[in-house]
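Note that the chains take the letters A, B, C, D and E in the order they are written out, and that residue 1 is the start of every chain.
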Amino acid sequence: KDREYRVGCAFAITGKASWLGEPQRNTVEMLEKEINAAGGINGHRLKLFIEDTQGNNTRAVNAIKKLVKKHRVSVIIGPSRSGTSMAAIPVVTKAKVPMLSCAAAESITQPWEKRRWIFKMGQNDSDAARKICDHMTAHGIREIGILTGTTGFGAAGRTQLKKIAKEYGITIVADETYSPGDTDMTAQLISIRNAGAKAVVNWSIVPAQSIVPQNLRQLKIGIPLYQSSGFANIKYAQAAGVAAEGTIFPAGRIMAVDFIPDTHPQKAILKKYKTGYESVYKDHVSTFGGHAYDALLLVIEAMKKVGDDPAKIRDFLETTEFTGVDGIFRFSEKDHCGLDKTAFEMLTVKDGKFVVYRK
Amino acid sequence: MVKKDYFGLCALALGVAGTPLLIQNDYYLGILVFTALNCLACTGLSLLMGYAGQISMGNAAFVGLGAYTSAILTVRLGWNPWLAMLAGVLLVLAIAMLIGIPSLRLKGHYLGMATLGFGSIVHIVSVAATGLTGGPEGINDIPPLGFGSILLDSDLRFFYFSWAVLILGLFLALNLIHSRIGRGLRSVHGSEDAAESVGVDTAAYKIRVFTIGAAYASVSGSLYASYVSYIDPGPFDVMHSVLMVTMVAVGGMHNVWGAVIGAALLSVLPEALSSASEYFEFIGVAYDTDYDMLIYGGILLSIMLFLPGGLLDGLARLIRLPGKLALRLKGGTGQNG
Amino acid sequence: MLRLVNIHSAYGLVRVLKNVSLHVDGGEIVTLIGANGAGKTTLLRAISGLQPVQEGRIIFDGRDIANTRAEKLVRFGIAQAPEGRQIFRPMTVMENLELGGYLVCRLHGRKQLRRAIGEMFDMFPILRERQDQFAGTLSGGEQQMLAIAMTLMNKPRLLLLDEPSMGLAPLIVREIFEIISRLRKDEGLTVLLVEQNANAALRIADRGYVMETGKIIIQDRADALLENPEVRRAYLGRDKREIWE
Amino acid sequence: MNTSFTDLLQFIFMGLQRGSIYALAAMGFNMIYNATGIINFAQGEFVVLGGLMMVTLTMTVQLSIPFAFLLTVLFVTVIGVLMERLTINPVKDPDVLRLIIITIAVSILLKGAAMCIWGKESHYMRHFSGDTPIDILGATVLPQTLWIIGILIVVVVAFVLFFNCTMTGKCMRACAINRDAARLAGISDRNMVMLSFALSAGIGAVAGIIVTPVIQMDYGRGVLIALKGFGAAVIGGLGNSIGAVVAGLLFGLVEAIGAGYISSHYMDAIALTLLLAVLFVRPSGIFGSSEASRLKDF
Amino acid sequence: MGNPFLALENLTKAFGGVVAVNDLSFAVDRGTVTSVIGPNGAGKTTMFNLITGFAVPTSGQVRFGGMVISGQRPHRIAALGFARTFQNVQIFPEMTALENVMVGRHLQSEAGLFRSFIVPPFFRREERQIRADAAKWLDFAGMADLGDVPAGSLPLGSQRLLEIARALAAEPKLLLLDEPASGLNARETLVMGRMIARIREMGITVLLVEHDMELVMEVSDKVVVVNFGSRIAYGTPAEVQLNPDVIAAYLGE
């Protein structure tokens, strides 16, 4: 009974993707304290081992190996980024330890035959793209320009946008990219405007998310701006100032807790996470921290039911249905993500706040 | 000097053979694999920097080209991994020649910038040519290397293999250094005019050593791809080129062993730091991963400030210190008497 | 004016100066001769503050200047024309002279600087012709003239010359020695001269020191040294034909 | 007005804004290069520190912009001086590569410190005079862009005057070329090198301050700025201020116009290819003298 | 054959406005010591550079055994049997004295890139041979005991000797010495003179630039005097010494 349950976490706590990893680290540390204060899991203490991948593949491989081989954890949460998750897959697969990635790219869990040990918490990029396309279709927008950063996240978004737009019969009239460090997208936006786009979709990470609205405003291009789920941090909207007003984007419900009706099944957990996190860290919650929250809760639930045997945890997860911060997960053998587009809510910025989009 | 080098090589081989007796954990073996790969690339770079006195800030591009050639040929075209690796080397040789001929006419910082620019271009192409390289999403499921039915798919096997390759690489590099050609290279560093005056074709030598270094990098990249079995453009950006230059300089430029030691240190250091929080926790001090960068920078700075000749030289001086002190004392008494 | 008392200096662990003492009085020309590697250059560098001194005192105008930084010593009036043409190769001859006269410019302004440069051009007319050429492309001898001119720009009180005749044509060598004598006569310049051309050096010097492997082994009046058989054999030994055999 | 012209104009403004940062960074590089022969990899961190400090002073402490500006420049200058005193000055026999690695180490340290102090997220700051775009011949320009270009001009003029009307610039170069000879001429190499670090940190700070409103700032931003600035310094001919400005602006313009008319995917590659082409044709940069650089070690 | 060993034919080199070498012609016979003297900046070093390929003539040419060689890269010219020293010594400071001389054996050895790569040095007879030969030449220069010293920390005079040893190690047909005695004292200069005589005895043709007149007079067979890049006198040392133009331009009184 005094044996502790060991869970490994690998997040991009420092480096270029630290905006993902830091809230994730904070979240799991908060939960660990909570659980242990409440007596642990079936009396077993929960012990987290947290590694920093620095968002770097080599470091991620080492970190995962360290967790698996040195700390002998039963399950791994993370990594934060798609690339580092991909690099980690062979390691955990060989070691037969389940991994709950906190990234979003679909290739992390597909093809499912080769990803038996991998689960994913981030909502699918394709679903985010679908959500955006739904919205555009509803507003009669049929020609769009897309603007993506050349990061793993941006590139995955670009792939999905192109695929999904075709499904919806939406034409991409301009397809522009920029590198992650870029700080001025006016050239790309002019190309998009000149191509006759009726809306812009920007799919990227910081700081471009805040700069694109500013550039749009500067150029007086009066077409709607859609952003990816990556925009879901109120700080980005604040950084863009008035320019961010009216930006439309899909996001997990954690970004709009106050607008979710009490009857919604996620309401309770959303509220718990938000108030918990914000009171401990005096900072806004983000969807990314939410991925880690769901992952650890899932792991705890599995351990409660089947103990800390990795294989059993994997089998348990494959049959689980779980209502989390990110949505309602319905895992199956072939679907290790378990979320669909209903996990998203379309939000917009109004008076410097995120609100659910209402026409 | 010559003898010492080859003794060192034998000692290294023995050490490698014995390591798995001490270390069985795949985690540590994995770190050592990456260490070997970095050492291999840096060995090539040190031939260029330490011996020919030229700088290349684009070495990661050659590592990347090797890795991508291996990955693309094996995954997309189903080539045998060995053949793909060879193709990588050939491709890199050709590209290095092509870029080396105009670049190596440049000197100092200008050469640095040209190679850096080349490195960035390769990186940008690997990001933007999504059809070929998968772009930022990378290429996964790269098959492992193998000998017949023995696949190099465990950490232990790859550990032996990668270090064997490194030792072979070092052996070849040492042969080169202690040869007529090697002296030619070093003379280019000392004085190009004097080298030319005794018949050394300095331009050709610089290009040769540049391509040799690139080939080392390419092999290192191919091995990386097959070991990790996933690559994306991340590990091949210009900062990694800068890191490699740093590794060579930290170890001590004027000797391949310096490159090996520097590469080893800077490969292991981040891993050691990642455990720092555990030690600090142990002695009851709150520690944040964020401090890693400060400690890393501090260590690097201290080495450069306090060990002017690099780590290798520092170690050597430490070993020779007692002898020198004795000499000094003797000199002192001789003076008075 | 200058007095070295038991100076020790080393490169790393190799001792190069061992217990060297010498003195130069105001208005004197003193020459230092010695074989290759005896430590003459090192001694001059130690005086001018470029080479650290481990032990001993260097007294200039009554104050101990051992291990004082070179740039400060220049202000005291010590100037050194270093061995091996230490000029600013990728800069023009003009720029080199301006830098040589940095202190003149700082203390007396641009006008004085121009004047001093004009004087140097009069002394070495070839430099005037070459004034816009990069110093590194000058011929060896021209570089040597430039190096000497740069040193003279600051109108030092104590001039340390390290092999000024090196690489100069016989005519110019004679000229330089004449300039040195003249400056001493007209402006009371004090000179410590290191020369391989010992014959010529001893002829204009008042006194001389002979150095061997880091130690002063002989010191005497210049004319006496010229006659000293030991010195003649070792440093002036032209007439000793047996070396040919 | 026809759109293709306004587009071009828009790209030109965009290019000038980008280029100004590169130009300022390049001037910073040149300053230290001239006095020491080394490339200071921490140059980008000076820019970052400038930006972040300014954010703190204006957004948190709520100082007025001019006052915060001065204070920030002062702060970063002090950092530059400290860097020189503590890490460059103690090195006994300066070897160029070793000093460069030292600057890399310092840049890591400064980056780490900035991360610990300011955290990891991007910081934003209000524009000097609002962010309502101004129309110029149909192109829309942020007032901040005009500030950036204006301040660049002021800085360039000030430096060119300073270096041409005093001997300091020459003295700095002298120190890099031949330290012993410089000292024998009475030039204090220590002061010159320190001055060069102070000035280049100051320029870095100015760059950071003026761009932060438009690009935001985070601790890791230095690398990219430094790389581009280094490229501009080299293309312009290392050590040449006018070259740095021309090359920096050119670099920015090529990027902007390349992104606008050719391909945003390969924007950086286009600029870099141009850089390589220039170097292969003029191995000492546009304004560099090949004869002089043959006489230099670095 | 009728062709002179080495011939300069109307050699001219201009740097912008400065004509460093101006229509200079003279020939050098095999096995002799020919000295070139002249005021500072007369163009002597430039002439050496033109002969050894470090500079390309503006017009005119250098012939070696009848073949035009000017304009080729220095290492090609070295391969023809030319070796030189430099007025500003050019050594390999981080290599030991012996290694410096071993580099001099470059053209006398042949191991190519591939062989150098594969075969370790202790299996290479050639490598041992190079070392032995280099030691011999170091000894010739009177530096046998300095073989292990890093060349950079040798005193200037020894560095000059080292340069000569390195040049000789290449077993040249023609040796060009640019002010070998500068920085040497009278006695050391005598030794240098003896060394040049011995080199000549080995059948190596020597071209010497020197300002030390006693040395020049002692060792030269022929003396060429240049001023402003042009030849102003040519003859035996005795003849030249008495030439009034030479006295006015160079020697003084």
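In this text, a residue touches a chain if its C-beta (ideal position, glycine included) is under 8 Å from a C-beta of that chain, and two chains touch if they have at least 3 such contacts.
Keep in mind the model is a prediction, meaning the values are calculated, not measured.
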Chain whose average C-alpha position is farthest from chain B's own: C
Farthest-lying chain, centroid of Cα atoms versus that of chain D: E
Centroid distance [mean C-alpha coordinates] between chain E and chain C, Å: 29
Chain B-chain D separation of Cα centroids, rounded to whole Å: 31
CA centroid of chain A to CA centroid of chain B, Å: 36
Multi-partner residues of chain C (at least 2 other chains): 137
Touching two or more other chains - residue numbers and ranges from chain B: 124, 128, 290, 292-293
Multi-partner residues of chain A (at least 2 other chains): 14, 150, 177, 179
Contacting residues of chain A [partner chain B, same complex]: 13-14, 51-52, 54-59, 61-63, 65-66, 68-70, 82-83, 86-87, 89-90, 94, 105, 107, 114, 150-152, 154-156, 159, 177, 179
Sites on chain D touched by chain C in the complex: 167, 170-171, 173-174, 177-178, 180-190, 289, 291-293, 295-296
Touch list for chain D against partner chain A, complex: 3, 7, 10-11, 14, 17-18, 115, 120-122, 124, 131, 133, 140-142, 211, 214-216, 218, 220-221, 223-224, 256-257, 259-260, 264-265, 267-268
Chain B - residues contacting chain E, complex: 2, 6, 171-172, 174-176, 178-184, 186-187, 189-191, 193-202, 208, 254
Chain C residues within the chain D interface of the complex: 48-50, 69-72, 74-75, 79-80, 82, 86-91, 95, 98-103, 105-106, 134, 136-137, 150-151, 153-154
